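Each of the next two complexes has subunit A plus one more chain, namely subunit B in the first and subunit C in the second.
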Partner chain A sequence: MTRGTILRRTIATPLILSALLVAIAVLAFAVGSRPFNQTVIDLFLMVIFVVGLQVFVGNSGVISFGHIAFACLGGYVAAWTTIKPVLKSAAMPGLPDWLMGLEIPFWAAAIAGALWAALWAGLFGAILMRLSGIAASIATFAMLAMVNAIYSNWTSVTAATSSVVGIPILRTTWPYLAAAVIAIFIAWAYAISRHGLALRAARDEPTAAAASGVNIPRARFIAFVLSGAVMGMGGALYAHSIGLVTPDTYYLGLTFTTLSMLVVGGMGSLSGAVLGVVILSALIQGLRWLEAGVQIGNSTFALPGGVQEIGLGVVMILILMFRPAGIMGNSELSLPRRRRGGAENPGQTGPNT
Partner chain B sequence: MASLLQVLFDALSLGSLYALGALGIALIFGVMRLVNFAHGDVIAFSLFALLWPSTDAVAIVFAGNLPWFLLIPFTLAIGAGLSVLSELVVFRRFRRANPATMMIASFALGFVIRYFLLMLFTSRPKSIALLPALSQPVEILGARIPLLQLITILVTLAVLIGLTLFLRRTRFGLEMRAAAENFTMARMLGVRANRVIMGAFALSGALAAASALILGSQTGTANIMMGANVMLMAFIATVIGGMGSLAGAVLAGFLLGAIATVMQVILPPDARAFRDAFVYGAVILVLIFRPQGLLSARGAKERV
Partner chain C sequence: MSELGADGVSVAFAGLKALSEVTLRVASGQIVGLIGPNGAGKTTLVNALTGFQPVTAGAVTLDGAPLAGLRPHEVRCKGIARTFQGGRLFRDLPVIDNLEVTGVALGLSRAAAIAEAEQMLAWMGISHLAGRIAGTLPYTDERRVAIGRALIRAPAFLLLDEPAAGMSAPEAADLSALIRRIAGERGIGVLLIEHNVGLVLGLCDPIVVLDSGAVIETGPPAAIKASEKVRHAYMGTAADTDLPVLESGLEVLE
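Coming up: the complex of A and B.
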């Protein structure tokens, strides 16, 4: 099979997913309510995070608990480069002079965040990608805790655990939509590249892949750096969506939310990653709405705080029990094919010959 | 000399805490290849079970007022009970799942437990006075050691000896070791799988409760996140120790405690806040040179 055929057969997936996101953005624009707008922004950010996570976890099969650390790196890059110098010198006096005077637009900060995160993903990845299975997962957890410990204590540069405020807030959905679409196309392009194919082969049959000449640590390393970059971009934009950063914004809570979205959708599938975000965001929003209280007749009915997270956890356990491969499994959303209709795995590129 | 002794006791008591946690995680990993992320939340739950649900900053101590000879068994029973319950309700259905799926399920379960506690107690840390008699210092060879530290070390040693005897001398212990070595083979030879797994969960839960008592009386606060740090160190200890090797887990737990305490002493004051980051970094270094851990269990190697 040539590259052209793979491209033509799979291009429908990112296009459908992007169209879905555009439809959501247009809906938010048409409704015009500010809380709904914010919800949609959150959804796009989660798409970036979960797609970034999927690039590594989905293709390599190694669960990573540490990717939110890269979002943290990206988020602080946004704080370092976009806050007004006056505010910056008060909150983070330890920054070098050239960084102190810098004030760049958000998109440049997102790119800088991606590059900074990719750099650290490269450094960590060079070490961690030698491990596999559970040892690798726990080492990524150690990486998350390490980054959190550093950013929570390095007072002069990160203001320790107190929040760094003054990051310019972006309230329109379009930049987030653009970034989410870019993330989807990056993930797709990686998945059909030779590195992506090699890594998936190593995920399914490590011995056979190694015997066919796949350098597994190297293949994992490439995916790790790429997904780190996507997470860094997401982290920087996340900082712009709420206007502040703290180390604990990017810690266990976000790790759990993004992992559950990925697992619910289906780790092995890009469509699963996006659908998982959409479905769980709707669920979370519904539960939040109930927590805030609903008027039924004369009485207000409200669930106690914490129900949202409990609900999320329970849904995740149930999905793992009954559909361990997630909603999408390993398949992708795709247009029905004209010839040879009803292939059992639409979107799969089939055996390479 | 006195300060050296102080450092030694600090290292041993911190190491004890990590070793107890690591043992709780390694026990379950040994019998069913589950990395139990809910362990830290079982620790928090066991401590909060002693309090009455409230949103105040000062805890309303409820069962915690029991005399110590009732308090300790009560807490251990709570921990063991919750752990067994999680096996019955959740993990039993994941027997055939791959380790990654189980790991994420336990992550989700831990989240559910934590937010259940948050719902009842809010996320604010609560101050509690648990076994206050233990905070008095005792003098040994000129060093003033908190009595609690001494008890922590002694209790851990007692638990380790007890567990070793249990695993080596009783039939149940034998079955558990056999199951950890080769689960399928053990089942074929007539070991009852469910009983062994349930036993491992009960023991692990009781160990979590013991950690909870030690942590609670050491810090004087109850916090729904209190288990997270110990659990993370315990994970790392089990990985460094060689997944599934109980002796390795204990050894690595003490090693981590020693590294953390020594770093606290030798690092320059500016860098002390980053102690944990240095410990995690050291862990990653160990993993480069011995990816299978210090004492690798026989069943843990990947087979082709």
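Coming up: the complex of A and C.
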């Protein structure tokens, strides 16, 4: 078996998932409605976040409550590098001169956001990846709280808790689609790499993985940095989708939404991450419409506000009760093929159930 | 020719001595047996030899050089492999990937690691298991896969922690044949920890007997069978009493 065989055997998964996203983008284009367009942009952003999260959580089995911190880092990079210098000097007077004068296109900001987030993922990861299990999860949460506290208080470069406005808004879906597809391919390439395999072994049986020569902190570190980079890219694009950033944009709400999408789809599966986003986004959108009110005959039927969050919580609890490995469980979307004698798909290995 | 050694190794847990001044040697191609009653410290010794358990005193040595402070994966990189009681396979991964993990962890590309894993499965005669998810394997196959996983990248030493536990007599006989091939064909030094004393008596020379964390006897099988101290440790009885553990074990093997 050669490298080419692994590629051929597994390439269907990212292709199918990308095709699904392309279909959604084409649908939005055909419908041509502005709110629907925005919904689809949000969906693509969630795909980037949840796939980024899956790179680490799915392969390592360590739940991270802190990955949205990397989105925050990326989002502020977009603010620092794309807002017009005049606006920037008013909102964030403490920025160094070279940054103050910088005005780069959105895609460059997304790359810069990814690199900045990866840098910090490396610094945090060097310490956090020595921890295991629940201790590691709590530590990632502490990381989120720290990043939020810094960005909420460092007034001169983040404008503290006030909104930083003036980020050029991108209203077309294509850049977000492209970024989501890139995220999917990054996650797939990592999952089939030797580092991904070693990390999944460590997830299943850490003691035996160490005895097989796997340096577990190092294997986790690689996944942490890579997933941090994807989150940073997503954070920067998120800023471009709404035109502003605040520290609380990237905090508990987004953490909860992305984690519930991952849990519902199935942590151990890249397909699960994408399907979790699509299914829960549809649910959230449906509930939003109901909250806004639906005209039935002469009367308007409306659900009370907050039902959307409650609905998300209920779905997550139901999945955890009846299908704890998520919708996709251990498997990936793939073309029908012979099962016997073959080996696994990337990440076709469920979370411990 | 290589030699793995424990030099006066002691391990204490909160004051309780699990091992006291244990000394043993395993050379390339040799099959050393380690027996002793439950709680004698056999697994603790394997953990100490493989970096899972820091030693309180003494040293683990490879060709005379101490291995102090190495973490388990670093010990594996030095060519000291082990198995665990109960297999501990990567149960969500297919068998081929279980073996492949050792290869990639020790620096091979996936393609090269898969190639070596396939060769290993063929050498062990279990190629038909390659695509099975490890968690679905029966007990005996699980043990064999665990041994195959440990043999990837040709370690110099293999420490087997109760590989025959729960096996029937014919299965244990197959296992003995495999262990002989591992030492004979691959020149690997094997340390075999077993409750099945018969298996050890038929396979190992020398045999080290641990009791309450200390070595009470070392010698060839005949000497171990005749040893008063070994009888006492196992049975708490005098020499003239029948010793079913040893007798039944011998029947199993021959």
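A few points about this structure:
The working rule: the second predicted complex is superposed on the first by the 336 of 353 C-alpha atoms of A that agree within 3 Å, B and C clash if a C-alpha of one lies under 4 Å from a C-alpha of the other, contacts with A are read in each partner's own complex, and residues count from 1 in each chain.
Rule of thumb we're sticking to: contacts are C-beta pairs under 8 Å (C-beta built on N, C-alpha and C of every residue); 3 or more make two chains touch, one makes a residue touch a chain.
On a predicted model such as this, the values are computed, not experimentally measured, just so you know.
Legend: residue contacts after superposition of the two complexes on their common chain; A:Ala198 is shown touching subunit C, with no touch to subunit B. In the superposed pair of complexes, A:Ile169 makes contact with neither subunit B nor subunit C. Of the two partner chains, subunit C is the only one touched by A:Asn330; subunit B is not. Applying the stated contact rule after C-alpha superposition, one finds that A:Ala23 touches neither subunit B nor subunit C. Judged by the touch definition given at the top, the superposed model places A:Ser212 against subunit C, while subunit B stays out of reach.
Touch criterion met: A:Ile63 reaches subunit B, while subunit C stays clear of it. Using the contact criterion defined above for the overlaid structures, shared-chain residue A:Leu7 touches neither subunit B nor subunit C, since it reaches no partner.
Contacts of subunit A with subunit B, set against its contacts with subunit C after fitting on chain A, overlap at residues 207. Put simply, subunit A touches subunit C in their complex at residues 1-3, 5-6, 192-195, 197-198, 200-201, 204-205, 207-216, 268, 330, 339-344, 349-350, 352.
Chain contact summary for the complex, subunit B toward subunit A: residues 35, 90, 93-94, 97, 99-101, 103-105, 107-109, 111-112, 114-116, 118-119, 228, 232, 235-236, 239, 243, 273-274, 276-277, 280-281, 283-284, 287-288, 291, 293, 302, 304. Put simply, subunit A touches subunit B in their complex at residues 61, 63, 127-128, 130-135, 137-139, 141-143, 145-146, 149-150, 153-154, 207, 252, 256, 259-260, 263, 304-307, 309-310, 312-314, 316-317, 320-321, 324.
Residues 50, 52, 71-73, 76-77, 81-82, 84, 88-94, 96-98, 100-102, 104-106, 108-111, 113-115, 118, 130-131, 146, 149-150, 152-153 of subunit C are the ones that touch subunit A when the two sit in their complex.
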